[in-house]
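We call the chains A, B, C and D, going by the order they appear; numbering starts again at 1 in every chain.
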Amino acid sequence: MPELKSVLKEIVEETGKVAEPGKATGNIPLLSKADTKKFGIAVITREGEVAVAGDADEAFSLQSISKVFSLTLALEDQGTKVWERVGREPSGDPFNSIIDLERHKGFPRNPFINAGALVIVDMLLDGGNGKDKDRVCELLKRLTGEDTIAVDEEVANSEESSGFTNRALANFAKSFDNLNNEVDDVIHAYVRQCSLALSCRQLAKAGRYLMLEGVDPETGVGLSEPSRALRINSLMMTCGQYDGSGEFAFRVGLPAKSGIGGGILAIAPNVASIGVWSPGLDHNGNSLLGTLALERLSERMGWSVFR
Amino acid sequence: MPELKSVLKEIVEETGKVAEPGKATGNIPLLSKADTKKFGIAVITREGEVAVAGDADEAFSLQSISKVFSLTLALEDQGTKVWERVGREPSGDPFNSIIDLERHKGFPRNPFINAGALVIVDMLLDGGNGKDKDRVCELLKRLTGEDTIAVDEEVANSEESSGFTNRALANFAKSFDNLNNEVDDVIHAYVRQCSLALSCRQLAKAGRYLMLEGVDPETGVGLSEPSRALRINSLMMTCGQYDGSGEFAFRVGLPAKSGIGGGILAIAPNVASIGVWSPGLDHNGNSLLGTLALERLSERMGWSVFR
Amino acid sequence: MPELKSVLKEIVEETGKVAEPGKATGNIPLLSKADTKKFGIAVITREGEVAVAGDADEAFSLQSISKVFSLTLALEDQGTKVWERVGREPSGDPFNSIIDLERHKGFPRNPFINAGALVIVDMLLDGGNGKDKDRVCELLKRLTGEDTIAVDEEVANSEESSGFTNRALANFAKSFDNLNNEVDDVIHAYVRQCSLALSCRQLAKAGRYLMLEGVDPETGVGLSEPSRALRINSLMMTCGQYDGSGEFAFRVGLPAKSGIGGGILAIAPNVASIGVWSPGLDHNGNSLLGTLALERLSERMGWSVFR
Amino acid sequence: MPELKSVLKEIVEETGKVAEPGKATGNIPLLSKADTKKFGIAVITREGEVAVAGDADEAFSLQSISKVFSLTLALEDQGTKVWERVGREPSGDPFNSIIDLERHKGFPRNPFINAGALVIVDMLLDGGNGKDKDRVCELLKRLTGEDTIAVDEEVANSEESSGFTNRALANFAKSFDNLNNEVDDVIHAYVRQCSLALSCRQLAKAGRYLMLEGVDPETGVGLSEPSRALRINSLMMTCGQYDGSGEFAFRVGLPAKSGIGGGILAIAPNVASIGVWSPGLDHNGNSLLGTLALERLSERMGWSVFR
């Protein structure tokens, strides 16, 4: 197996040569001007080795990657009851599609499309006495041991005042009685978890519990049931990259979750937790350089779960 | 790790206690009367150990599992050109849905839904000089070393005279110029590969090249590019159980392909090739006891790729 | 031609014998308890003859019939510019479906499905300086000469606090930049026009401008372009009864608009304006007895436009 | 009312000035080269006056207009039983869409989309002892009194060898048990009725029974129930121009049925039967100049049913 640090170095070089590294998201005004030349990667192995390269310590907007952590909290709150309100199938549609929600009568296909993530946030508000809107932030602080992790309030404000599609999805779910809290409260909590700012290094740290059967080796923070980690990994594999999940599994072969801020959290089970970031997106809304980097990393290190 | 043989014994016992083991397929008249109490399983490990239990030597109708082998042949014929005519994403729709084919202008979402499999068969006819309709049968003979593997002609006739949905899909693909051969020829070859009769033991044998990076350890038969095996595994993971693929990944955590004959081929990469069969199906068209058996096997042996 | 009054009498008798006159709407709590035995009808002919029968003077909730009047105002405000933001085709989907809105990128299929009506209301707010939320009420007062016409505030409150589907539609339209005003303002104005209370007699009066090329014979109130009336009639014919419009045209043969309050406004061009009401709905959300009554009336009087 | 002949003359002049008169159909190779400058119109009034202009005696391919006549025959064969296998609602989708057929489990939305027309043809084969494949041709001969009306065999061959979408639709309907005859037989009969060649003058003649409550004044040929004519007219109004039916009703205000050969049959009930033809099509597949001509005719003569 090649040396991890030198592989990361090669990856930074290769991604640096890509002439057209995608476009930053147009969905959130504040993020649309991100520098698509930025690229960072951080890997933490099972043994605790940390390797970083590029802009690995620059904070970016977590966006949909936060859905992994809110799902984790909902599963801890409610166990398998979660699946009475959200499915576990890839949707075959874009992440913000509302078509499936009508076809399936308000039952979102999985927790990683926006409709499903909103229902999950609704569960967190239930579980957290309806007031605590920053539970994902608290979890990330515990997982990373870093108290400075915080919501980027400017991004949050920008999203909250413009997120009409998400409001449509939340109202539509509520019209089918699949939202207990007020739409505004759900949107507020959702937008705040999406607007959390993390670096690649912090993200890789936060993902360690998924690499090692649900318990973070350093903090001891973990899931009440170890098998929960592998369930979350399986959902990341089949549904984590929206309508590009099949392609991603084909190229990279690792469970992962992307966000339109350009970040991706990827897990090599039992081997490594990986955070990667570059703001330019492909047509499915996944980081173009981030995906390329993970493809190379998986290939060079032999980390694909399908090998 | 527990002893494989005793785990299989436990599984036969557990599945034998299931009071309602699903219903045999209604799609093919001849298969609809299958005995849903039948259950067989066969496992071949990387080291060549063979363990079987139940009706592991009874032949059943391969049906959609054949799509794994026809895809393998198409990739050997045409390499990545295959992906110019078929996608790699889960569809979010039932296996015989035609909706996606219209939405995506004749480009099937993946090679494991019926529409995609028909386009793959069309490629095989191209590659095999348009005449050779039993290429999957020939491949299976080579992979298993068993010359007796054959099409069940009665099943083939039953399917060919009744498969109106597949004829609709083939004609629809052809209307978008995504079928080069005559519809009747494509249907004929497709029906024949689906009607191949194999036992669990033979199926597990046939799958060994997917377990070990593309080369069958006993026969030496293999893929021209080792990485091809892991690509096929990834497609089985995201798309192999139709609209139940997410659920299957969640419960079992192994790449697998099901057929409405009740068989499932599952691969524990680098560890084992597994054939399982029981004719009763769940609402997605996947073997109910077969899925349960694989869930237990994965759990007891720790074989999930997400662990 | 039979005498109108005696035909109405026959109709009241026939509808009175229907054992299962549909179910009141479940969408609006306050309306769900309406007495489905209620039935009223009022006809005003071109010559000014007024014939009524049954509960013709009992006020009911106008609901979607108000869309005819808001469309009229929008056309007077903006002329053909209206059609840059709303289409003129039947949708083939239920009235509150959001699927088409995604397929057509926020462009509603016609002004009589909810999505289209919300966009029309948005135009009225533009045209009326963004403040005047009761323009349909004002128009109805002018058309009927009755100053007592008013919003049923209790119904309005009930709808405004429960209309999650409409909020989903409005937000979704806004996500495609097809809504200029705030969602809350649009919903508020929309709910108020839907909650207007009218009797059959008042409704028939209000519809006279559509019978006689755009000018109300009594009040002189009318459209700035006479041809506008026949355009509105054509839209009522093809899209006025939601996903039951074809069936209604087949059975009744008159342009008409229904509401889930159980009312229907029907126009026999150049002949009569008709208001009918009975709260029980069929599976498409149209008044069951109201439709039956119009079928008989059209048949007995020879009023179908297709004759 | 202006003089009919002079109105037709004006129309020929106006249509002659249109610089871009649409494109001939690309669906049928043989028709794709039609001269889009061709334009003909023929009007027969209730009183028997015949007025023609342009290329009114040139034969063109009837195509989907034939669906009006096959529906007429099916209604005569089976009465209201027809509606147990075909609906009466506009589809909101293109004429050859297969999506609705899956959503509605093989029950076509109306008899004028291709799926519905194929089911109607299936009924004709039932009613005509399964052998008589040219029943529409026979009907047209009777309605026009012209024995020379015939199938254009070259067009029929061209269509039969290329109509994969229609074969897909027929097979799909059959998969839901909504086709009794063999797919090949249904396609054969369908293609033959579509390939009938008529002139505008013949078409206007053939449509007279729809103008006058089901009985052709000259031939005495008619429907067994007069009301049947107005039902067919209503279906032409709501579904006759595919996904442009609402637009057509809005602009023209007459029941009509178009074909991709560029012909349109329009009925001014109780007033006139109109045949018009020009091969250039708009984006919905309806004759561009034909629609424009009917819009002018309706406007100048005051023939809209909504007036």
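A few comments on the model shown:
Keep in mind that, in the parts below, contacts are C-beta pairs under 8 Å (C-beta built on N, C-alpha and C of every residue); 3 or more make two chains touch, one makes a residue touch a chain.
This structure is a prediction, so every number in the text was calculated from the model and none was measured.
Listed by label, the chains touching chain C and chain D alike form an empty list. With centres computed as the average of Cα coordinates, no chain lies farther from chain B than C. Chain centres here are Cα averages; for chain A and chain D they lie 54 Å apart. Note on chain placement: the centre of chain A and the centre of chain C lie 47 Å apart, centres being C-alpha means. Once the centre of each chain is set as its mean CA position, chain A and chain B turn out to be 32 Å apart.
Applying the touch definition to all chain combinations yields A-B, A-C, B-D, C-D.
The touching residues of chain D, when paired with chain C in their complex, are 87-93, 100, 109-110, 213, 229-231, 233-235, 237-239, 243-247, 249-250, 253, 255, 269-270, 304-307. Interface residues of chain D, counted against chain B in their complex, comprise 97-99, 101-103, 164-165, 167-172, 174-175, 183.
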